[in-house]
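Below is one structure. I have some questions about it.
Letters A, B, C and D mark the chains in the order given here, with residues in each chain numbered from 1 onward.
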Amino acid sequence: AALLARFQERVDADQRIEPNDAMPEAYRRTLIRQISQHAHSEIIGMQPEGNWLTRAPSLRRKAALLAKVQDECGHGLYLYAAAETLGIAREELVDQLLTGKAKYSSIFNYPTLSWADIGAIGWLVDGAAIMNQIPLCRCSYGPYARAMIRVCKEESFHQRQGFEIMLTLARGTSAQKAMAQDALDRWWWPCLMMFGPPDAASQHSDTSTRWKIKRFSNDELRRKFVDATVPQAHFLGLTLPDPDLRFDADSGHWEFGAIDWDELRRVIAGDGPCNADRIAARRCAHEDGAWVREAALAFAAKRQAKQAA
Amino acid sequence: AALLARFQERVDADQRIEPNDAMPEAYRRTLIRQISQHAHSEIIGMQPEGNWLTRAPSLRRKAALLAKVQDECGHGLYLYAAAETLGIAREELVDQLLTGKAKYSSIFNYPTLSWADIGAIGWLVDGAAIMNQIPLCRCSYGPYARAMIRVCKEESFHQRQGFEIMLTLARGTSAQKAMAQDALDRWWWPCLMMFGPPDAASQHSDTSTRWKIKRFSNDELRRKFVDATVPQAHFLGLTLPDPDLRFDADSGHWEFGAIDWDELRRVIAGDGPCNADRIAARRCAHEDGAWVREAALAFAAKRQAKQAA
Amino acid sequence: MAPGPIRVAETPLVSYLLRRADDALVLGHRLSEWAGRAPTMEEDMALANMGLDLLGQARMLYAHAGEVEGRGRDEDAFAYWRDERGYRNLLLVEQPNGDFAVTIVRQFLYAAYAEPYWRAMMASGDATLAAVGAKAEKEMAYHVRHCAEWVVRLGDGTAESRARAAAALTELWPFTGELFEVDGTDRTLIAAGIAVDPQTLREPWQRTVIQVLAEATLEAPPAGFMRRGGRSGRHSEHLGHLLAEMQHLQRSNPGAAW
Amino acid sequence: MAPGPIRVAETPLVSYLLRRADDALVLGHRLSEWAGRAPTMEEDMALANMGLDLLGQARMLYAHAGEVEGRGRDEDAFAYWRDERGYRNLLLVEQPNGDFAVTIVRQFLYAAYAEPYWRAMMASGDATLAAVGAKAEKEMAYHVRHCAEWVVRLGDGTAESRARAAAALTELWPFTGELFEVDGTDRTLIAAGIAVDPQTLREPWQRTVIQVLAEATLEAPPAGFMRRGGRSGRHSEHLGHLLAEMQHLQRSNPGAAW
């Protein structure tokens, strides 16, 4: 209890917690869960965008998309490394992902059905991710905060790229404009769900807030996202798929319609459009690569034995 | 020797030899080699055309091509059955194909690079095959002759279909016409090689002719093919890729330029553009299907055991 | 024909025809991917056969959709010039071939539905649909028989074939709910005596499936989440790749005849 | 841009640029097919890295080809609107990814050539080619190092990895002759001081390959038949499928900007 109090004092004083510092077990567990879930999201997130790598409509877009997918893999790597500072091995975390024990962001369980989805993911999904992540750059745990600074910088680049794809489509042929609108129609609501359940129903927030892992509530972040995004959609000349959306002059915020929380629950429970495909693809890559990883280990062992001899 | 003389008498009298009839071992061996080589050609021949099944440019053509590929498989099956009447199992023949011990027609070692190749294969390759095969309908060995009657009927249907594809292209857009000409340029010489080496260099012909397995020489059949095909090319408005081609009014035949026999030897030796791919694809299908064939055998054995019990 | 992808103004009947045509085309296309790759030559023949049946059904249905739509579109306009989001097929039929067990189980689950479906459609108030029904009913009966034999052989074959068959069943089961879905389009046409109510097909489908699985010593997966979206063009990521390959040549040469 | 595939009137320099650009694009595309599927995350990064290098090279070379051709064609016109027969890449780079060993060996065999090639090209009389050379030489040196490490690990790893590496080498070796091919186009540009004579690259290529294979305890396949045809557009059957997928969207929307 004294330890806990001392820890809370440090957090309250905005001191960064570092890997070798004493920390409550629950803090460690919470961070491992959150950081690894974030890492898994980056890794699974390569799939919906990777789906269009071989079909990107111009070489410039193809290269930018490949660079983006590569960045996501890089984010996954930093984040696994940050989690490892808390005393868990990457292999164990990956195993949790493959066996379905660990979660990843539900947004990646929606399919990319047209090129415009690549724009929508950059603009909306990365936009929402940034909203979630910017406060994490000031998170109490040092390695996580530092990883997030780097991640956020790259994400905002991706977000601008995505918006620019949407802008090109929205100013393009009628078929392109329809493609952009269709993508917005399909991605809007799932993106609002990315901020998690409404505050009233959220389970992890209290301690996370006290420990300065989480600095804003789900509903606060969601509102910020909507306020930032609605004018962008208007600028694109696209219609948000929410008949209840209206600007509230009193509060200065955009008020939006009811979110289908059942859908979020279903997707989290594993019944989204692509959950099975995403995990199957990840397992398949893992299994197909087993002989390569074994070869690398065997080779390293041989070399070590030689050096020892 | 007496047996051999009696056998030759029967052949000379145009009597059909049937599976249970006495026959010289060399006759049996020659037939097994020729029939199985022909069967292998049908099976390998599914590949170059199968390559365009998923990309056929209209539903009518897609269905016709699938039916054609299916017919080829059917021909393979009749022919293996005909070979089996000579006392060899299909498994053994297939094994000879997969290990590279047995040959198949070299023409299938050329790739199909455009849709026009599907037309060219029907028109030229099937056209050449028919020239080779019509005489085999009167071959001395009954099961082979009967299989060839059925095969030839279907092949001439395919040949007309192929010609019609070429005609549609030749009368189509300039891109389509160029596609047709390009296909003719690539397939013409390999098709002339389908009749085998020049008579002067041919090894198997003498006894085959005496036994009425072969009724025309390679050069005779090649000439027949050229005489039949050149006017068709002219009708299509395409140019044959042979600057030496000219009509000889005295003989009434088309005289053609020198064939690159080195190329034929190279392709037969395994060094054609697709030899490695063709055999690899066949092996892959065979290996991928092993568990299915095993399951079917295991199931049949179980059922038999049940019925016996 | 104008170059560029088309959007079809879908009346209930046009939409209904496209759904059935797309089912048949996409599944037929998948079967054509097997050509020359089947585990036995006999099975190469059988898969091509089933593919040809389906392509034939698709062509009749597209042609009829073109007549009903009345804008002069032919079968190829619908097949080659609609984008993924305009395709109306079931998610089940667009799933990749996987191993032979996946292909056979997919075909079995579809055929066990399509056989009673087309039989019932022989009484459709739409003469063309009734005629397609008369032809397709026999074809699909063959598909059911052929695939059922394989399901039994695989299920009751070796340990490996049994595991593969069970895995295929688990993988594809969530796509079977969509077979029986009813929406506004269906209701309109059911009321008009043109369409059959798919709910009436659930019982014969289940009977066939349960009987064959029992013989195969396999168990039906537990009832659970069912995927949907194909009928409104919300496909899995697999369809787009199939269409890119299928449509490339047509789209590269707008207006050309083949 | 006019809709429909283009045919390029190839002067020696345009042809030469397209050959190099196509090598880079096709190989880069193949690497991009790996995204998210690599054996380790680190290798996912590395494969994407190499793919990006190649895409970057391709774009500079296509842009230059457009300038030299002088018909206002941009990089996408060449990449998306030429048909298979107009593609000028080596057969090696279009071969399917296969397993990781095939991908690594393919990359190694190409990079071991491309590194000295681009280094020599830094002295090209064509300023753009020289500039591409300066950039590409460093990039390809990394590809050689990275792939050589894997060739050694796989060759000297487990029995399985060794067998796979050896099989990949046997499969791809017949495509290496084409690296050193010289035709009229080359001769014209070699004489003009624009191109390097590929024959001069055989020795450094062999040195690299033999040294790495020795370290990997693998043997170079015996000299034998070498496949060719890529430079004149006579490809293997694999390229057409790659292009169908790659070009579908562009070709479906002629004239659209992306």
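Heads up, the rule we're going with is that a contact is a pair of C-beta atoms (placed from the backbone, for glycine too) under 8 Å apart; a residue touches a chain by one contact, two chains touch by 3 or more.
Since we're looking at a predicted model, the values are computed, not measured.
Asker: Going by C-alpha centroids, which chain is farthest from chain C? Tell me that one.
Answerer: Between chain C and every other chain, the largest centroid distance is to D.
Asker: If you line up contacts by residue number, which pair in B-C, A-C or B-D shares over half of them with A-D? Let me know.
Answerer: B-C
Asker: Could you please state the distance in Å, as a whole number, between where the Cα atoms of chain B are centred and where those of chain C are centred?
Answerer: 35
Asker: Calculate how many whole Å lie between the centre of chain A and the centre of chain B, each centre taken as the average of the chain's C-alpha atoms.
Answerer: So the centre of chain A lies 57 Å away from the centre of chain B.
Asker: Can you list every residue of chain B that touches 2 or more other chains, as numbers and ranges?
Answerer: Residues 55, 175 of chain B each touch two or more of the other chains.
Asker: For chain D, what residues touch not just one other chain but two or more?
Answerer: Counting only residues that touch two or more other chains, chain D contributes 4-5, 83, 241, 244-245, 248-249, 253.
Asker: Thinking of each chain as a vertex joined to the chains it touches, would you call that graph a line, ring, star, complete, or other?
Answerer: Basically it's none of the tidy shapes, so other.
Asker: By the document's touch rule, what are all the touching chain pairs in this structure?
Answerer: Pairs satisfying the touch definition: A-C, A-D, B-C, B-D, C-D.
Asker: Taking the touch rule as given, give the residues of chain A at its contact with chain D in the complex, in rising order.
Answerer: 43, 46-47, 50, 53-63, 66-67, 69-70, 73-74, 76-77, 80, 115, 165, 168-169, 172-173, 175-176, 281, 284-285, 288-296, 298-299, 302
Asker: Help me check something: in the complex, which residues belonging to chain D touch chain C?
Answerer: Spelled out, the residues of chain D in touch with chain C are 3-5, 83, 241, 243-245, 247-249, 251-254.
Asker: Using the touch rule from the top, collect the residues of chain D that touch chain A in their complex.
Answerer: 25, 29, 32-33, 35-45, 48-49, 51-52, 55-56, 58-59, 62, 75-76, 79-80, 99-100, 152-154, 156-158, 160-161, 164, 242, 245-246, 248-250, 253, 255-258
Asker: Okay, in this complex, where on chain C does chain A touch?
Answerer: It comes out as residues 4-5, 7, 83-85, 171, 174, 224-225, 227, 229, 234-237, 240-241, 244.
Asker: Taking the touch rule as given, give the residues of chain A at its contact with chain C in the complex, in rising order.
Answerer: Listed in rising order, the residues of chain A that touch chain C are 48, 51, 55, 111-114, 175, 178, 182, 186, 266, 270-271, 273-274, 276-277.
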